[in-house]
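To keep things simple, chains are lettered A, B, C, D and E as they appear, and every chain counts its residues starting from 1.
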Amino acid sequence: MSLRVRMVVLAVGLLGLAAMLVAAFRKLPGFGGSWHPYGQRAVETALGRHTSNVIASINFDQRAFDTMGEQAILFGAVLGTVVILRTTRDERRVEPEPARVPAPLRRYALAVLPVTLLTGLYVVAHGQVSPGGGFQGGVVAATALHLLYIAVDYRALQRVRSVPLFTLADAAGEAGYPLLGLGVLMTGASFLENVLPYGTLGTLSSGGTVPVLNAAIGLEVAAAVVVLLAQFLDQAIVIESEDGEQGAGSVGDGDGRRGEGGAA
Amino acid sequence: MSILPYLVAGWLFLAGCYGLATSRNLIHAVGSLAVCQASTYVLLLAVGYRRGGTAPVFSDIRPGSRPVVDPVVQALTLTDVVVGATLTALLLALVVQVSKRHGTVDPDELRELRG
Amino acid sequence: MNGWLAAACALLLVGFLPTLLAMCTGSVRRRVLAQNLATVLAALALLLLSQGWARSSYTDMALVLAVLGPVGTLIYERLLGEELRADRPSRRVTRTMTVLSVAPVPVVVVPVCVAATPGRTTLKLLFIAGLLVAGSALCTRALTTPPGGDGSHG
Amino acid sequence: MTAAQLLPVLVAGPLLGAAVLVATGRWLPRYVADVFGAVVAGAASALALGVLVATAHRPAAVEWVGGWRPRHGTGVGIVLVGDGIGLGLAAVVSVLVVTVLVYSWRFFDDPPPHQAGAFPALILAFQAAMCGFTLTGDLFNAFVFFELMGVVAYALTGYRVDEARAVQGALTFGFLNSLGGYSLLLGVGLLYAHTGELGLAQLGAHLDAAPDGSGTLVKAAFVLVATGFLVKAAAVPFHFWLPDAHTVAPTPVCMLLSGAMVQLGVYGVARLYWTVFAGSGALPEAAVHRALLALGVLTAVTGALLCWLQRHVKRLLAFSTIAHTGLFLVTLAVLTPEAVAGTALYVLGHAGIKAALFACAGILVDRFGNVDEQELHGRGVRLRPVGVLFTVGGLALAGLPPFGTGLGKALSEEAAGGWLTVLFVAVSAATGGAVLRVAGGVFFGLGSPPAEEDRPHAAGRHRAGGEEQHEDAETTGADEPEETRERVTRAPDTMVVAAAALLAAGLAVGCVPPLWSAVSRAADSFTDHSGYAMAVLYSTGQHLTHSPAPHWSPAGVTLGLLSTVLAACGAWAALRTVPSGVRPRWSLPLRRLHSGHVGDYVACVVAGLTLLAALVW
Amino acid sequence: MADDLPIVLALLLVTVAGTATVLTRDPVRQVFALAGLGLALALLFAVLQAPDVALSQLAVGTALTPLMVLLSVRKVRRKARSERREEHE
């Protein structure tokens, strides 16, 4: 298709779509209305289960099956990224170079690292009580680890980041959902049925299985993000093709590579 | 006002499609896809909003003391955000490989798989 | 609509919108600086909003943004170092940006602290303010120090 | 524990298996990972078949995950519905996955470092996604599994990353399917705003109770959601990802994509229509009929023409899948239980036959590192068993009785009737004929080899940039990297056995009358709009009057034989003429449309959305 | 109407940032527009009373997505650069 034809086809499509969407939107119940039957039921149900964060109750209890699928998407995408960004036969891995980061920056980043990690854990832990949860906190915690790359260099990150270990944690978090579901099934209840005592509304242990699943997803997300970023960092920093893709340090700073000729 | 948020959602979807179709750089195309996805967030949350409502999170308010917005769409959007982030990662991984194998990330220069 | 929400709207309109526009236009350097400022302003807007709705649990959003905002800025600094270093701003820009990103923090946080019920929330607010000030000031400096100041690549 | 309670295990089991494979992938040897994957998939298929048999003569197995049974027809949970069609598809998917895992035992010498189990783990996740999609009775949950299917499939398609085309095809696949997913989700948003529900049964009940006057909203929602499914189903003009993905994906993945995933898109449209929209006055039957028929005819014709024009064997098979998807849609457009039964049997037979054909093509890849019809001319003579299987597959694809495809085609013709019979015969003959042409040329050395200068310049083809840009460029199958550890000298037994078993399954579909009556019963309840809602929301089964079980009719047999003969004649005629390497001029615009350019494809998808809307309005 | 003002403003921000993201063709510059879109979306989610969603948008959009995009850009550019050098040789 030439560019011209493509633009014509696109214009027709976009105009038609726009017309359809506008026509449909005009028939929608007005924005901000008070009619939300499912939402209302969900709120009542969550309070019945002593879960003060209704969104967590929906994610981990009422519609927990969705979250199992969501978690599988994350798991599958990470596995897919590992497969796609693997080191192929025509590539090799090189040692990353040390980078020199300005001292104030380094101090700040190292000081913030534990703060970020704790914030992440805090957000995970409060998932069923206040806004937050396994996904949000997991990402924050995983980001914290990468401050090492920012503050020091890639080698420092590599030292504390054992990809096999995080892969294991990723798989364990992913397995948590089906395992719990099947365990509950063994007792004769329904798959993923909330069989634990519901606890007191507003406390960290409230909500029955909600905190358990929340923790499983936190573990999986944190580990998955670390593994995911490891693939991208490896590609950008330590993997190069055999046919002389070098350009050590030519982009960005430090972390270039020590190719054969340029060992520092 | 009563359909403005929906219109914004529609606009984002159309804009994202436009960006995807006219993209000259696959990384830019991935970004445009993220805009398309943003439209789904906006639509879902706009559907669940309730004027004067607050989030159904009862850590600092008493249940029943204030009207609340629809939590179901929020749970859906949460799932959607996760899907978006992972999809971005996977597509970027593929773009990286395309650049390695084709030496370009311009869709106009990818001349395989025709006919 | 109470005063807090009005203030948040004003902040979004007068502060965040121009910063957003600066993020979406111009040189990479300008965009990074604007990004740093934008996270600060967004965090402050979130604080005002949570006070306006009387929802102390909403401050977690500002907390996460205060923690992650500078991390984002540092990521840009780290991965776009070359482009940024080639194009350092003048000292005046540095000073302006530092003032712009640090000054609003107390202006917003102090009244919110006064209005909020004293206790854990106040501590959290102060903690967020500290993170915002330290993070944005340091990031602005890191982004604008002249090339001699950092020694990357010797 | 009831049979219904086991439904979630069909999703959770394979996911757990995938997690175990990833966790232990570091220490597992390759073959242990492969065997483990096959065992898990096998257990899941046994379970699916078991539940299917256990509930065969009873109302559908309905399971509210987490025990959230509705009260007075309203609930908060997600429901899984194991009715005949849904559970049957889950069983087909699972069995196909087992076959594929057995078939791929000799595959891929290059697993990612320390991840020996990555391939079987991805396949298991794919299985979980497909089973979840077939079983779920909740629209948002269907979106989740739609995306899971997609994410895993992109990764599987791009598995051979050192291949330039593989990553490009996977990326195109990713962009288009994601766009389809978002369209689906926008539709879900509209439906939720209108009805306040997410479950299919609740949505349907609500639309019945309070139809919106003009139907604008309902129509738009149908268009958006159906577009998502149609992208997956590869209906023209949403199909562009399919040939690219199939050209580059590893053969076992092609078997799954063409044999099962594409058909799930068709299933999605049908399920959506009958559970949600069938009872509402807002979406007239005529509109849906019009839309499905028009898209189906377009899809069938485009697919058949392009199938005939291909020389890359896997791409040829891919276009034949598109052609058959078109036929499925044409049949469904009739919107009767008979049509659903016919389509279901067609899909069943097609799954076996198409997977078997891909399996044979995969053997070619491994033996010759090439799947180009012209380059391979006469070279497959020594792979006689494979040649025989491929030929039989071609005949079956053309609709030869008593293969399942033949029965499905016959029933579909009966259901659709009229001038559409011509379409069925022509499309079957074209796709079957193209396969027979390849079989005759490659495996039996019939016809004359192509002139020397027409052979593609293999060296220059794989690097973009250096190559001269022909307007008439086509995708050849030369230089296909082998997928096995080393180039095989004879066809590996596991592969041949897998292909033969799939063909046998395709044959069995057309020969086992109890299956036909079971499918017919399943189709009756599948098309029962209110019965579905009653079964799901109130756990009450209604007694249905069953339509008579389908069977071979004389007309069907005759037409099946006719299309087979036509296919054979077409193949014979094509083999008799010396291939000139030049393809007919009239096909140029059609081929130019398949430019491999993401931007073009996205523009077509957006235009397709508008087309679908115009058809429904 | 006045009660809806924050929502209208946030919608405006999202529209601006989304449009800018699509129109910024250079991937490095687009990262900033994308980050701006992330922030604007988070604000919108906050005013729509969805703090959970806003949190996850912040977690993903502030650091994770830009990091992934920039690392991809870096890899892609390095590849392009080495290709160019090969051509010069």
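Here, a residue touches a chain if its C-beta (ideal position, glycine included) is under 8 Å from a C-beta of that chain, and two chains touch if they have at least 3 such contacts.
Here is each chain with its UniProt name: A = Sodium:proton antiporter; B = Dehydrogenase; C = Multisubunit sodium/proton antiporter MrpF subunit.
On a predicted model such as this, the values are computed, not experimentally measured, just so you know.
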Response to the item:
Every chain in contact with both chain C and chain D is listed here as A, B
Item to complete: Give the chains in contact with both chain A and chain B, ordered by label.
Response: C, D, E
Discussion item. Quick check: which two chains are joined by the most contacting C-beta pairs?
Written reply: A-D
Fill in: Maximum centroid distance from chain D, chain identifier (CA atoms)
C
Worksheet item: Between chain B and chain D, what is the separation of their C-alpha centroids in Å?
Response: 27
Worksheet item: Per the centroid of Cα atoms for each chain, what is the distance between chain A and chain D, given in Å?
Response: 31
Worksheet item: Rounded to the nearest whole Å, what is the centre-to-centre distance of chain A and chain C, using the mean of the C-alpha atoms as each centre?
Response: 24
Worksheet item: So how far apart, in whole Å, are chain B and chain E when each is placed at the average of its C-alpha atoms?
Response: 11
Worksheet, complete the sentence: Note: chain C residues in touch with at least two other chains are 53, 55, 57-58, 60-61, 64, 68, 71, 75, 79-80
Practice prompt. Give the residues of chain E that touch two or more other chains, as numbers and ranges in rising order.
Written response: 3-4, 21, 24, 31, 33, 49, 51-52, 54-56, 58-60, 63-64, 67-68, 71-72, 74-75, 79
Worksheet entry | Where chain B touches two or more other chains, by residue | 1, 4-5, 13, 17-18, 21-23, 46-49, 51, 53-55, 57, 59-60, 68-69, 72-74, 76, 78-79, 81-83, 86-87, 89-90, 92, 94-97, 100, 103-104
Worksheet item: Pairwise, which chains touch?
Response: A-B, A-C, A-D, A-E, B-C, B-D, B-E, C-E
Worksheet item: Across the complex, what residues on chain B touch chain A?
Response: 1-7, 10, 13-14, 17-18, 21-22, 46-51, 53, 55-60, 63, 67-76, 78-79, 81-83, 86-87, 89-90, 92-94, 96-97, 100
Worksheet item: Can you list the residues on chain B that touch chain C in the complex?
Response: 54-55, 57, 59-61
Worksheet item: Which of the residues in chain A end up touching chain C in this complex?
Response: 99-102, 104-105, 108-109, 112, 115-116, 119, 123, 126, 130-132, 136, 140, 143, 147, 149-151, 249-254
Worksheet, complete the sentence: Seen from chain C, its contact residues with chain E in the complex are 1, 5, 8-9, 12-13, 16-17, 20-21, 23-25, 28, 31-32, 34-35, 38-39, 42, 45-46, 49, 53, 55, 57-58, 60-61, 64-65, 68-69, 71-72, 75-76, 79-80, 83
Practice prompt. Spell out the residues on chain C that touch chain B in their complex, using ranges where they run on.
Written response: 53, 55-58
